[in-house]
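Please find the structures below.
The same chain A turns up in both complexes below, where it pairs with chain B and then with chain C.
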Partner chain A sequence: MNKGKIVSIHSFRGGTGKSNTTANLAAQVAMAGKRVGVVDTDIQSPGIHVLFGLDENKMGKTMNDFLHGTATIREIGFPIGDHVGGAEGLSKLAGKNLWLFPSSIRGREISQILRDGVDFNKLNEGLQTTISEFDLDYLFIDTHPGLNEETLLSIATSDVLIIILRPDNQDLQGTSVTVDIARSLDVPNLMLMVNKALPKYDFAEIKNEIEAKFNAPVAGVLPLSFDIAENASGDLFSLRYPDHQWSQALRGVAQAVLAVE
Partner chain B sequence: MGSGESAYETVSGTGRRKIMNEDITRRLKESTMFNGLSDDALIALAEKTSLRKLAMGDVLMRKGDFGDSLFLIHEGWVKIVTTNSDGDELILNKCGPGESIGEMALLDQDPRSATVIALEDVEALELSRDVFEEILDQRPDVSFAVIRGYSRRLRFATNYIERAIDWTQKIAAGDYSFIDQTQPIIDQKNSNDNKAIQLLSAFFIMVRKVKEREDGLKKQLEKLTFEIDQVRRKQEFEEITGTEFYANLKEQAKTLRQKRTQQ
Partner chain C sequence: MPGVFDRLNKEIKDKQQEGGITPLDLAGLPPALRKIMRLMLRELQMTYPRLCEAMDSMPEAERLSRNDLQDTLSTLTQQFWLIRIGEGEKAIYKVNLRHGAGSTLASGIWSSLNAKLKDKPKDT
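So, the complex of A and B:
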């Protein structure tokens, strides 16, 4: 019996904080003792591996190899808990059950997969195998922004979809379409997360207004903070600065994920 | 004619000096620094000052110069300026009749901390370091007057800093109510503590600007949250869901979810 949940993290635009949020959510859920996987399906512009301290040299087989049938899921999973390195936040994950399933950062492999297209059944089989092979409680998917075919695939297969948006018109407009798509694809659990909110906004008001607009829960409103821009790359912010307002709100989102039945 | 003219000048010069000394004595008496002095002390002091005349735009002292005299503004107004990182002039203060400038450099021997420029025709009395130190040495009453002047300024500055700290903490907490409560004090243009008043007023202008910007951002948010274009939303949804790819995906997703719930 397969009980692991697929949690997709999506945003209408790039640069919204998807990779950063996915990595920190996965880390928080792993800290709570869960068995966690992170898949980078942002095949066009992968980036989440950096936050886990991985570079091209350390990276072995990738999701691209799996999609081409040249690698098994077993071979791809990179155990973060065994290779935490020196970064202060990351090192707290030592011994935790967290695996990263990276995308290739080689240009040729990226363009090849985009040309061939991703097969729904193959991807879905891959995700299900990931969950069963590693006995995962949660599999987080860092998706590509916008609504291209790969992203629609990830949404279709999700148990939980978290849509991240900035509190501005453009993101609200884009998010409205994604919300409609998620409902059309019967995603059982839909939640929103606001990131990069200017600290002087009334966060409670943002939450209320957006919840009313989309008739969906806002799991957290996270502030725009230069601390993150300065310190985030190469480490996990919420583990390194657990008392920061951003980290506290992020843990609220992790709680919401853990609360999903 | 030459000698006559020179004689006339000498007489006239002496006369002018005498009239001027009375004027200077009066100015000294009105100044914050020397207003505690007895009349004979003031007369003695007036004799040792020299007069500097400036036209509008003339520089009385330059930031970074070595300061070896103090000035007492006799007539007219000057501005005290520095430059910001972009090289633009920043007016720190304005000083007028009765006020003293540059006494800090005489005591701590550091270079001038700002540039002083005449805003109109200005007459200033210059007191050299030697004269100043000599007076301090010989006349305990002058020393006390100077010390009293300093301590008055220091006391006000400390008071001002305390209030500024309090306000800064309030701003950080988003509480701007003190602006309205404290407003009247910055309108007292003729107060003795002119510098502090001007600093306060600059501070209040800054706080008001910060508050305005903040209010502007709040308004922007309210506007933003009410602007989803429903027609566009529907159009884009139909574009995506109208494809064969999507129809297949929806079918597959449905089968997948049914399988999962059966498990």
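So, the complex of A and C:
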């Protein structure tokens, strides 16, 4: 087996805060001294690059180029620690070993993938090569919401799967489907994370109920927060506001990931 | 003149075009087959001795006997879910995932979309 662990972050429905959580978790694990990669496999609607301060001009080569055979994984890895910019939270990653492997935000390149379909042999080769080429301890995969083939591949190859859900009946039903699929793919470590829980609720009670419903550990219950909305993906919230309740709970999830053997 | 590496790569590419397993199919495999496929997804390619080593390092309850391992590899190879290059101890196994289906929208839509996006200097 490769040394590095693959951690997929998934949610059945959109709007759960998946990319925000993935970026912050990866940042926290990098802050703990680990070598970390983040791959955006949400090829249809990429967005995690924004949280790391990248735009189209800074991005360079992307996963789309790799999938089309016009770039190597080595060329795609963008060293976040060397380009932290001015954002207060992001600047704390200066010198840290964190690489982003972004998907293209160019309309033509997105449409090309939609038209041609994904070469899954190539995508899997990319995921595994990323770990070996960059000697990663952890590779975080930001997936597309719902169940498509890219997502199933990343789940199938994961050491850890974190499913994010809101305390909402639609999310609960969808999560049930994802949990079943993850179990049938033998994912060794399955965790749930509840995000956007109304602060008036009892978080311990939410945790117990969800754990009982899915027979899986809840790594954290994170509050719905106007502060995060105000941040508007402009910075890595947990680094900028480390004492915030959301950030503290997020660090608990990061600890759960780091504790996986 | 192509070398051995180029020849083997071409052989793999040719075989990969002959089918393959979808990520969804993985979920429906019997446990023994799924175990091998998961291992192969992570390792990309393995020799038979390396597969035996990996099997021996698994918890006892999850291990396959040598006979079961060989039967499983045969099944996966016959289905083109694994590709085998070479024979015997030197054989290399490589996972073969089916290419994702592209959009079923009429091709005219894509050429029209591409033409519109082609001249756009910058996406917003």
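In this section, the second predicted complex is superposed on the first by the 259 of 261 C-alpha atoms of A that agree within 3 Å, B and C clash if a C-alpha of one lies under 4 Å from a C-alpha of the other, contacts with A are read in each partner's own complex, and residues count from 1 in each chain.
Methods note: a residue touches a chain if its C-beta (ideal position, glycine included) is under 8 Å from a C-beta of that chain, and two chains touch if they have at least 3 such contacts.
Everything numeric here is computed off the predicted structure, so don't read it as measured data.
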item	value
Simultaneous placement of chain C and chain B on chain A, clash or fit	clash
Touched partner set for A:A229, first chain B, second chain C, both or neither	neither
Partner chain(s) touched by A:E56 [first = chain B, second = chain C, both, neither]	second
Partner chain in contact with A:E125 - chain B first, chain C second, else both or neither	second
Which superposed partner A:N169 touches (first chain B, second chain C, both, neither)	first
Chain B versus chain C as contact partner of A:A94, first or second or both or neither	neither
Partner chain(s) touched by A:L198 [first = chain B, second = chain C, both, neither]	first
Which of chain B and chain C A:V177 touches, first, second, both or neither	first
First (chain B), second (chain C), both or neither touched by A:I206	first
First (chain B), second (chain C), both or neither touched by A:V260	neither
Chain C-contacting residues of chain A that also contact chain B	1-2, 120-121, 124, 149, 152-153, 156-157, 181, 184-186
Touch list for chain A against partner chain C, complex	1-2, 56, 105-108, 111-112, 114-121, 124-125, 128-129, 149-150, 152-153, 156-157, 181, 184-186
Contacting residues of chain C [partner chain A, same complex]	16, 20, 22-24, 26-28, 31, 34-35, 37-39, 41-44, 54, 95-103, 105, 110, 113-114, 117-118, 120, 122-123
Residue ranges of chain B touching chain A (in the complex, touch as defined)	174, 214, 217-218, 221, 224-225, 227-229, 232-233, 236-237, 240-241, 245-246, 248-250, 252-254, 256-257, 260, 263
Sites on chain A touched by chain B in the complex	1-2, 120-121, 124, 147, 149, 152-153, 156-157, 167-169, 172-173, 176-177, 180-181, 184-186, 188, 198, 200-202, 205-206, 209-210, 213
